[in-house]
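Please find the structures below.
Below, subunit A partners subunit B and then partners subunit C, in two separate complexes.
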Partner chain A sequence: MSTGGESSPPLPADPRVRQTRLLVVVLAVSCVVMALVSVWWGTGQLKISPIKAIDTLLDPEGASRLAEVSVDNRLSRVTMAFGVGIALAVAGALLQTLYRNPLASPEITGVTQGSVVAVVCYLVWGPAGAGDAVWVLPVVGSVGGLAAGLLTWAVTRLGGKLDPLRLILTGVLLAGVLGSIVALAIISAEALDQDIVQWTVGSVGTATWERVGILFVGVAIATPIGVAAIPYANSLGLGDDISQGVGLNVNAARSLVLVAAAVLTASAVSLVGGIGFVGLIAPHLVRRYTGADLRRLVPAAALAGAFLVSAADFASRNLRPNDIATHFGVSEEVNPITLPTGVYMAVVGAPFFIHLLRRLP
Partner chain B sequence: MNALTETVVSDLRAAAIDAGYDKRKVLHGVDCTAFEGKVTALVGPNGSGKSTLLKVCAGLLAGDAGTVTVCGNDITTMKTREVATRLALLPQGPATPPFMTVRDLVEQGRFARVGPMGMLKRQDHDAVRDAIHLVNLTEFVNRDVDALSGGERQRAWLALALAQETPVLALDEPTTFLDIGHQWEVLELVRRLNDQRGLTVLMVLHDLNHAASFSDHMVVLQQGRVVADGDPWSVLTVDLLRDVFGVEASIVPDPRTERPLIVPHAAAQRQVAD
Partner chain C sequence: MTAPGTTSHRDESPAVRLEDDGPDLEPSSWTRTAVVTGGAALLLLALAAYNLTQGEPDASLSEVWRSVWSTGPTDGVIIEILVREVRFPRVLIAVMAGLSLGMAGVTLQDSLRNPLADPYLLGVAQGAGFIVALNAVYPELTPPLPLTILCLLGGSLAAALVLVVSRQAQNPVRVVLSGAMVSLLLGVLSTVVVLLAPQARASALFSYFRFVIGSLAAINWDSVGTVLPWFLVGVPLTLASARILNLLQLGDEAAAGLGLNPSRARLWLISISMVLVTPFVAVIGPIGFVALFAPHMSRSLLATNDARRLLPVSGIIGATLLLGADTAGRLLFFPVETPAGLFTWIIVGPFALVLVGRLGKRAT
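== the complex of A and B ==
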């Protein structure tokens, strides 16, 4: 069969391998810079202005207090942002390839909305109390998210083949239904609870080291599944006929990739709420440099996601409506509130989404 | 059965195939063989079931009745991975995602051979390199597939199938959407692979002159039934062209190859049952 290697000339090196390496280094450095900037600079809710920060640093007692505040609050926030960004970006990259659709994102599996619904319903109608252990909400969110993902999968499977278009339609339908349940829960809540509202758009403002630990347990479970899913997702990206032709059991492979994406998504949204757009944008930001092959795309997209969410969180702490209003001298009328991370993600995400739509054939 | 057979026959045999989609029956008791080391062309008018038969032969569609054996093994008893090491399929008009290079695409052909993590070993890289060389795309290996011309793109997809290193190759209308020069380029490549590597080829072709020029054996389908089967000269007759393809034509020997050449004159009077 084989003609032997000697007859065919060696292939020229792939420039995208080098580009990917460079991009990964640039993104990793950007993340580290973002982490440093987030921890040591900015006002945020804790009112540590740069000058005060320097003042405090000069005072030995103040330095330890500042370090405590910065490290415990801000570093845990940044770490949370990184974890969430990585999980959602990887899920997005897997799903865009799997669905053969550039507009695919973790939201269309139903997992995000499922998780938000479970948590919001638990907070409004459930036995939620101040004494709940720190792991209760993440578990409720994960169970809700995975249940919704499973429901999307099962409804599509019952109707026949697990083809991408049918999965997308089922996911969109389910997300719509779940979204209205969230609205119902919010309306029926006695008082407008800021926590619930923040949850629906997603915020890393609730980060503590304990919660970061829980997030990383989820990510630790999801990562091996995600890595195992990469070759399957790559192949499924070429269409069912090709995938089966090269030896995949198409339905089983697609289920594996969906499980990987669902667990990644659930581990993130069950801790910070329904943060959107990052899973959509991060893969697009890096794809033209890494190429479509997920072996290169996934690591770069993960870092891009980490950067995006940490940047959005940085913006949410330093670009508050009240600060902007103060700048224009109308501070009295503006509620000094910190908007959730998801709002800033959407501010960047929505125009990018329109840009994507414009470039589609 | 093949426990006793010393040498495995590299052929593809479909026997008494009934198949269809949901309630619509497309194939009725079709027998079709792609003989070892030969090029077999599957022809027939639109909607005659050519592509459906190819799908059944490649295991993409389960038949309602009948058996398909690839290299002596029943396709329904084999794992998808095992089928993929014996038979490679190039479906009609496949599409690549954006930013996918020729190399990325062709590497996918090694799926059935690589480990569970998809790591390519030395022999996988060699197979990819050979396949890309065979289709003459070494220079284009780092180009994105969707930026290639139609002919180059079809050769890239063919390289994916070749990287599977299978004895049997199934092609569904490999010349669709190509201009005449690229059509011949792809068909000559298929012929050369058959000559040099002894590949058994089963391909659906639309153009009867392509089939006559490039195949050793032809199978003609009409409304899901085989109506003729044999070498091009015995299959292609004036009556068959009129009755099956609805065209009045003369058949003359190609002055260069002595193969049959169809020269159509007019559309035949259509029968009601079309």
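== the complex of A and C ==
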């Protein structure tokens, strides 16, 4: 690397490589702690100590049936939360890089909305049945998310310039259409479907290992494709003519990135619903330490997303509105449910967004 | 390296020049105003007549005329009942709401000096929606006021929050982003309220989702009675404020020099646009982009920024857009009804995006 003689000092290593390594370790440990705490604390009815949880996992025969089922349940749920966080954070990192806009994220670019609309329409008006395979909803969601993502990209790119205003307005437009269609779907169902309402906000409540598997298959396929395509998609700086001249098919690369982001978002959204703010926040939390290079950003952001969603899910399981209502003596006025995970993401995410906005020029 | 940049800039500049004509004070511009106003009003009338006659069963124009003006009993004539009790109030609300949205759009854009100031983008609909949800599920938690006043409070608070969060009310990107995020948060909070509803109150929830759709399907004379006082107060106040809007366009210092307190004037103008818009939001739900698009369309048709002329024309164009959307929604897939809210998104939305593209070009 060094061009001078032996006297010139070696180039200092990029400090961000070391920072990223440290950050990844810290985040990974946080995730493991979160998983253990989730299994231990559960829904508040059965406390299982971390040691007992590990015991149960290692030796299912020796543990009680109840403990075994609880550990399995809680573990699948926390794994689902990890998967959702990873998928959305990676999608956010890809979209922010593609749009060169720190606020581009699945929910701002309409990908989340597209997936939600497609899945809700499929559930309410489509040929949905109990016998559907697990992969049907993710595929339906991916198609909707990709359609919305391509639309936003095409509109934002009109006139050859990435216009941030048009990006945001398209997102607002899609959100408006979504709100209207989802409300229509909810009304046209005979009884109010609490599940669909919960799902529009994002709820990790229904985790099975089969669904977790689908989610991780989506992540495993889409992440490498997106990360590999980004450098080509971003050769915009050279100008399209030059890039094509040296043999790069820029548009194909960009489409690949959009497909990857849509598949990632839809794998998460079709399983847990329209959970917001993860893809927006997670990359920002780590970018200061990792820099913009996706090879460092993606793993760190993925872990940050996993931690965020599992923490939000932990809050959603343990902060029960019914308990609070009982405390004030109005429990019969409140539906005894747990609030969906997306609520806690939004409550944390909105102030963080305001903080981001302050730093915008 | 510089050559491509300069040529492209030269290509764009003539179009930009055309857009940037200042206030046109020639007498011919009044003729233009008269033609545009007359044309838009004629279109609106034709659309209203079409809307009133079409449906199941169709009515002839003379039947419509008789039904609308006759005051006596309907004698059980189906068509008279239908036109007088169902179609006519609905057309009235669409026209009144469109007028209010168009005028509020001009007021907000000029007072905030933000070409994208729009009640929907400012979060008014979601603020009002939160109140609607709260009022449906826990009526004892909201003050015992009519829903229109509650929506006025909720919508205004949401708009104030968006403007405060954005920190630069005249910066379109920041305001739209803040509006999107505040709306997202308020939408989630509304859903929380809906989810918390005990089984006994589950039926109340439908009123929230019916609100979210943005539809004129449930309009009757009661709804007209609800919004009419607000409309009758709001429209004259807005028209009377046209002079203040024109003064503000000169810049804050010049306006202050002419005896106007700019921040107080701005507060007043935002307040009256809230009075104009929120009662209609309470009755028909969120209607996106009409208040954004109508002012810009009238600006380019009239080639002026004079609020005295912009306000009425933008109002009429807004009314035409909303009535058009409702007519299309009612008749296009008859007998299945598509909500007007959805139609305004789909019809007006693309125009709004094109408009934003032009604004972006002008800024560079």
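In this text, the second predicted complex is superposed on the first by the 251 of 361 C-alpha atoms of A that agree within 3 Å, B and C clash if a C-alpha of one lies under 4 Å from a C-alpha of the other, contacts with A are read in each partner's own complex, and residues count from 1 in each chain.
Here, a residue touches a chain if its C-beta (ideal position, glycine included) is under 8 Å from a C-beta of that chain, and two chains touch if they have at least 3 such contacts.
Only a predicted model underlies this, so the values are computations on that prediction, with no experimental measurement involved.
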item: Partner chain(s) touched by A:Pro340 [first = subunit B, second = subunit C, both, neither]; value: second
item: First (subunit B), second (subunit C), both or neither touched by A:Asp163; value: second
item: Touched partner set for A:Thr200, first subunit B, second subunit C, both or neither; value: second
item: First, second, both or neither for A:Ala133, with subunit B first and subunit C second; value: neither
item: Larger contact residue set on subunit A - subunit B or subunit C; value: C
item: Touched partner set for A:Gly291, first subunit B, second subunit C, both or neither; value: first
item: For the subunit B and subunit A complex, residues of the former touching the latter; value: 55, 58-60, 79-85, 88-91, 94-101, 103-105, 107-112, 114, 116-118, 126-130, 132-134, 138-139, 141-142, 144, 160-161, 164-165, 167, 196-197
item: Subunit C contact footprint on subunit A (complex, rising order); value: 103, 107-108, 155, 158-159, 161, 163-166, 168-173, 175-177, 179-181, 183-184, 186-187, 192, 194, 197-198, 200-201, 276, 321, 332-335, 337, 339-340, 342-343, 346-347, 350, 353-354, 357-358, 360
item: Subunit B partner contacts - residues on subunit A that touch it in the complex; value: 1-3, 5, 7-12, 14-16, 97, 100, 102, 227-228, 230-231, 234-235, 237-239, 241-242, 244-249, 287-288, 290-293, 295
item: Touching residues (chain side subunit C, partner subunit A) in the complex; value: 116, 120-121, 138, 165-167, 172-174, 176-185, 187-189, 191-192, 194-199, 202, 205-206, 209-210, 212-214, 286, 288-289, 339, 341-342, 345-346, 349, 352-353, 356-357, 359-361
